[in-house]
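Just so it is clear, A, B, C and D label the chains in written order, and each chain counts residues from 1 on its own.
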């Protein structure tokens, strides 16, 4: 069974529908599935709910899907690097569910691991706990959080073999593995396809079982906050 | 702060007490903390509860701790490769909590990740569910399982640097990472200490933050079921 | 003539599809890997923490760090990936493994499965069986139709403690193949030379 | 004279111990890394998925795949390890990070912390702050003692939506250092030239 597709459009063919829940990897603009986001913009599917830690910037990343008004709701921990996002949110056009960053990552991981709910102390006593079941364990309060089961996962890795075994690079790993795990279908974009057998089986971050479709392409990899230090005088 | 100790006895000094809960890595005899088990035998601490997928064989692995009657209770998914174990169990000298293998791994991982409870469908409608809270999610029943918070984790890795960043080899990884995560104190034994900076930071299986003490030593690495195939005639 | 172990394994192998990730239990299910059709890629999981399980090693090439869930020495393949047991059972519980092919002591017409414990006898534990039957996409049982006393193992209700409730999808025995459907079992196929009468006589469960 | 940002960071750095794994928030907490004593090893976590965070890169050496939780380009160190965000927050929630040093809008005498949201103003989200304050071993707040209107930020009760309930252990402001103890805050230390009277006048919370 071939997992490798020729383009984002081909890989997305047949899996998109209006109103679907999409989980996306990436943190800020780092490790985001650039090509698949472009593909979804092109496909024009709408009323999307997108679980992603951030929402991109105006002209890059998930910001592009917001610009086209394809997103109905975001599930995120930190947004607002994006003027159009804030405009839609403040005008009530866009729903937003704030989720603590670790709870979001764990909710994705839980969905991928067949865990419909887990207890955490994150958010106890805050607005995050409102409407959630509270349970005591050993005298401490915890709240029940739900696994995320997405219709589609879109993720970005560095390298993969043709069976989808993938490795990520540095902090571009971030939400990509948990996002990949929680989708009924997972599509992954990579910078490089390597021959099967050339990755160290001990060093694979995401086994191919999680990856249903695979594309390779050029990535812009934009930097959001370029910060440098001065070379000390020799 | 130095994590590297000279011997199992030195590494175990000050962390053992009667009645404690120890989580151990390993599957069968593969990837077990041989040296630390020997060290605990020598230390003579007793009334231990040990969470480990298996219980070793009569003269190797956790079987040694059973032979000396230091174990009060095992939390395991599969036992009985061990005559002394079965004798103690059948005579009522040893308590045994059977835990499905995946539930055991997840309970360790949960404890390490600060999750006191999670829901799973594993064991629903079986003896495993008896006495456990049942909850419905989306029309399906799940049972509540608890995170394991161990007093001590004993694990075995292949290589580590001096800060405890560790890599495992092939299927010897098994329960070692989740066991390592769930202990208040984690002691790791390795076959090789490598200079800090020589491991690829993208390829580290267990970051050193989980590892409090570290020893290097010779491992027997006994094979439980040697199974081979015949070379085809050329 | 009823099917032998190899024929049962071959029949089970016909349930495989190209690209599938599969978990094979101990016993007859292990033989299924000998019957994967040429040109079809099926990736075997070993639940201790491996995808892409290869054959047994040649003498002298055994590696103590490379064993399967039955603790036997095995080998790796070009597409092998290793991971820890929490991740491994995450993919099982999360439904990423398309199919498990397992042995059984008893199966009931509602899909209940018993394959881990006989009260009063030595109990070694369920290992990963409960996780597998609860989590994987499709559970196929391969077993003899009757026990050594000639009593049906395909029952109205299991008498032994369950491994999973309503978890079995397909039953392959030495006498034929049954699908678990609402209301009972649907006979899909008879082993060569087994009559429907023979089959019904050996089956306690309701056939619909 | 009250402490300046650097003096507050230096004071916070005195809470560090050799071998600690620490998470530093944005703003003054980031400056703490400039005050780690010579010879002491402190490993910084970046909660997007990294232990062993190094300094900013030199011009031209920025790597888009290597950023901190503030999305700034950074570098790695010899003992760096990368992992995914679920693992990263697993270690936070699991109490493996010994200490977090964070900024705040308000802190209350019972350890309540508010640092993510002002109703009616633009809300960008809590990011990882709620996970950090709920999970790490010890939470140290570093902030100005009063707001720009001169009103105390060290309160009897927080007025803003909470980031965490009863989570703060130590408060370092430009006026001094307080520990959260049963019944209120214990004044541990005054900034140079700040009198206890000044300090009390600027503090709404009960000092015990």
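One rule holds in what follows: a residue touches a chain if its C-beta (ideal position, glycine included) is under 8 Å from a C-beta of that chain, and two chains touch if they have at least 3 such contacts.
What you see is a predicted model, and the numbers here were worked out from it, not measured in a lab.
Spacing of subunit A relative to subunit C, judged by their CA centroids, is 35 angstrom. Separating the CA-averaged centres of subunit A and subunit B is a span of 32 Å.
Rounded to a whole number, the gap between the C-alpha centres of subunit C and subunit D is 54 angstrom. Subunit A has residues 106, 109, 113-115, 120-121, 168-170, 173, 201-202, 205 in contact with two or more other chains. For subunit D, the set of residues that touch two or more other chains comprises 76, 82-83, 89-90, 92-93, 135. Taken as a contact graph, the chains fit none of the simple arrangements: neither line, ring, star nor complete graph.
By the document's touch criterion, interfaces exist between A-B, A-C, A-D, B-C, B-D.
Residues 106, 110, 113-121, 135, 137-138, 140, 142, 146, 167-170, 173, 200-203, 205 of subunit B are the ones that touch subunit A when the two sit in their complex. Interface of subunit A with subunit D (complex): residues 27-31, 53, 76-80, 86, 98, 100-103, 105-106, 108-109, 120-128, 158, 168-178, 205, 221-231. On the subunit D side of its complex with subunit B, the touching residues are 18-19, 21, 41, 43, 45, 51-52, 76, 78-83, 89-97, 135. Of all residues in subunit A, those touching subunit C in their complex are 1, 3, 109, 111-115, 161, 163, 165, 181, 196-197, 201-202, 204, 207-210. Looking at the complex, you find that subunit C touches subunit B at residues 46-50, 55-59, 61-68, 70-74, 76, 82-86, 88-90, 92-93, 112, 122-131, 134-135, 161-166.
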